């Protein structure tokens, strides 16, 4: 199917809206009626046709809107994209990975022509047609990582692998859930995760690190993470927190269905060949409560998950104050019926109405 | 290589010297540090990126942009500073009384 | 999932370099491009020897940017378990074999201001790929390569011709040895040290470097522990409900694989931790030969690395 790219905003007037297609494929992150941290990794090797898991780098109707938002964030704050000097080779690795994947997975949108190191990249939706020399920084308008991530949805963090640890040494981070690349760049796996509650005691990070250190070429992995955002605001950065923080208090029982969004991150992990670095794309999907309630199973489940979530987690994920109002809204959609295992809508399993 | 470095001083001074030593190629495991002197923290305001030295109160006022910031334990070796984040972003004007750090 | 993804290849060239070392070159059977890799990476070659499947890791010595072919150089080990002998004696041009995707457990630290390489014998192979990679990016490197004698100096002529100023050769039979203390002393800040060769050489160089105050993070080494033969023993695989007899010259991992049980592995040389297996019950002595487990894990008897370690006793039950 041809994707209809929307012209929408993720700030100020917030014209972002999900089509029915986008809602049906939304990565609802809860496979059961409660939630606790887990390493929850699986192989990133395709998925059901049309799902967000099918392609290596998913492109959807929000592509152009997101890229425009990214460009605006970078004008205001160029420090959202940084690469320590030794990471340029990894940047080229990432450029190659994305260009090859997208030209193969979406041939009517992207083209890659290569003759030795003379490459030509065509990005039809963004009307880009650039020729350059692979591995030669001077032939691109930006560094390779910045160049390609200005054309790819989601944040990207590139991790250098040394001393049996991972080091956050480069990244393009404009849609993050409240952490600062400028502050965290140069930190290792344990250091940048220091603010996350409970997980350290559970040994989650030691196990996760061991898994990530052993991700090999040709065998990427993926997992989901989630949080809550008021308004479809992509740039929930700490840098701008003093501007957007106050929006949390703008939720009312009347507007919560429209304004409260579940924000899900599809996190993938690819080993990069020439640099041996690990790239960590973090792709953000937003759905309003109203969007989610159109799927009865999700309505029931979301209520139960939010109701039973430990206070520490609700606080860390930033919605502890709005939780009571969320539950007031959500309980209307929880008729107490059992929910099926797994994340899919399972609409055909719904009892018929009437 | 093989050079061992020892740094003593305030936390802020140590942090900056450490950062520069590492940038010169001295591995971090070759550097010993010992804190001496004032207990104040070197803080970076995550909003304006300005550094405020010798912070002993939480919350405190950013010496560059004037926002009220709370002191986070999150530390960056590269910046040699802790992170300060706006305390009243969600409820502007609601600033709790400052307490002294390390008391 | 066991091991890295596999690639089907054909042997396209076999070059005998000297009495002990032969180079093998490969192309993909599907005619496609090989994945690029980072210098220091190795591949695990899978060879069918009758009923036995041999899996041996070898450093990729070819240019990482060369996607048309991969090459490895193999030293014949007459006393070993037969993998290198099998390659030397049985593999012919045109044969079909399987290679794993490259795996790098010996990568360059790209922040280094200088890469100081110490090679012993066949340990030269990963450096050949790394040198090609560094030359492309104008990296600063220096090689010190110790060989037994001129006739067994694998690739010495190539290296000296291409890099007369950066390559230093030492001949054992001329009593020419690397003066490691003087070499390490006074290296500029930001130098990283890389060692690949026999265990004795690695231990010696690492020891001297530590004595001179070099920190662990600046010292990198790779040693492919070949699984040593040992007394046969029996093991019970609890999850698969099988009893396996581990023969004298097969490793515990190989015996498990022989029984059709899919056990995870990566380097097959006791270094990467991927094959770590939980011990459910044990009555006997563990013979730990790996570099992965902490001392307390080895003493606890609750974990074993089947790729290189063995057991001697009455009962061993593993969670596989």
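Going by the order they are written in, the chains are A, B and C; count residues from 1 in each one.
As a convention for this text, contacts are C-beta pairs under 8 Å (C-beta built on N, C-alpha and C of every residue); 3 or more make two chains touch, one makes a residue touch a chain.
Just so we're clear, the structure is a prediction, and the values are computed from it rather than from any experiment.
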item	value
Relative to subunit C, chain with the most remote C-alpha centre	B
Which of A-C and B-C has more C-beta pairs touching across its chains	A-C
CA centroid of subunit A to CA centroid of subunit B, Å	30
CA centroid of subunit A to CA centroid of subunit C, Å	38
Approximate Å spacing (C-alpha centroids) for the pair subunit B, subunit C	44
Junction residues of subunit C - those touching two or more other chains	216-217
Residue ranges of subunit C in contact with subunit B within the complex	113, 184-185, 187-191, 212-218
Residues on subunit C engaged by subunit A in the complex (per definition of touch)	1, 4-5, 35-38, 40-41, 64-65, 101-104, 107, 109-111, 133, 136-137, 216-217, 266, 272-274
For the subunit A and subunit C complex, residues of the former touching the latter	43, 85-87, 89, 135, 160-163, 210, 214, 216-219, 273-276
Subunit A residues touching subunit B - in the complex, by the definition given at the top	79, 180, 182-187, 191, 194-195, 238-246, 248-249, 321
Residue ranges of subunit B touching subunit A (in the complex, touch as defined)	44, 46-47, 49, 67, 72-79, 83, 85-86, 89-92
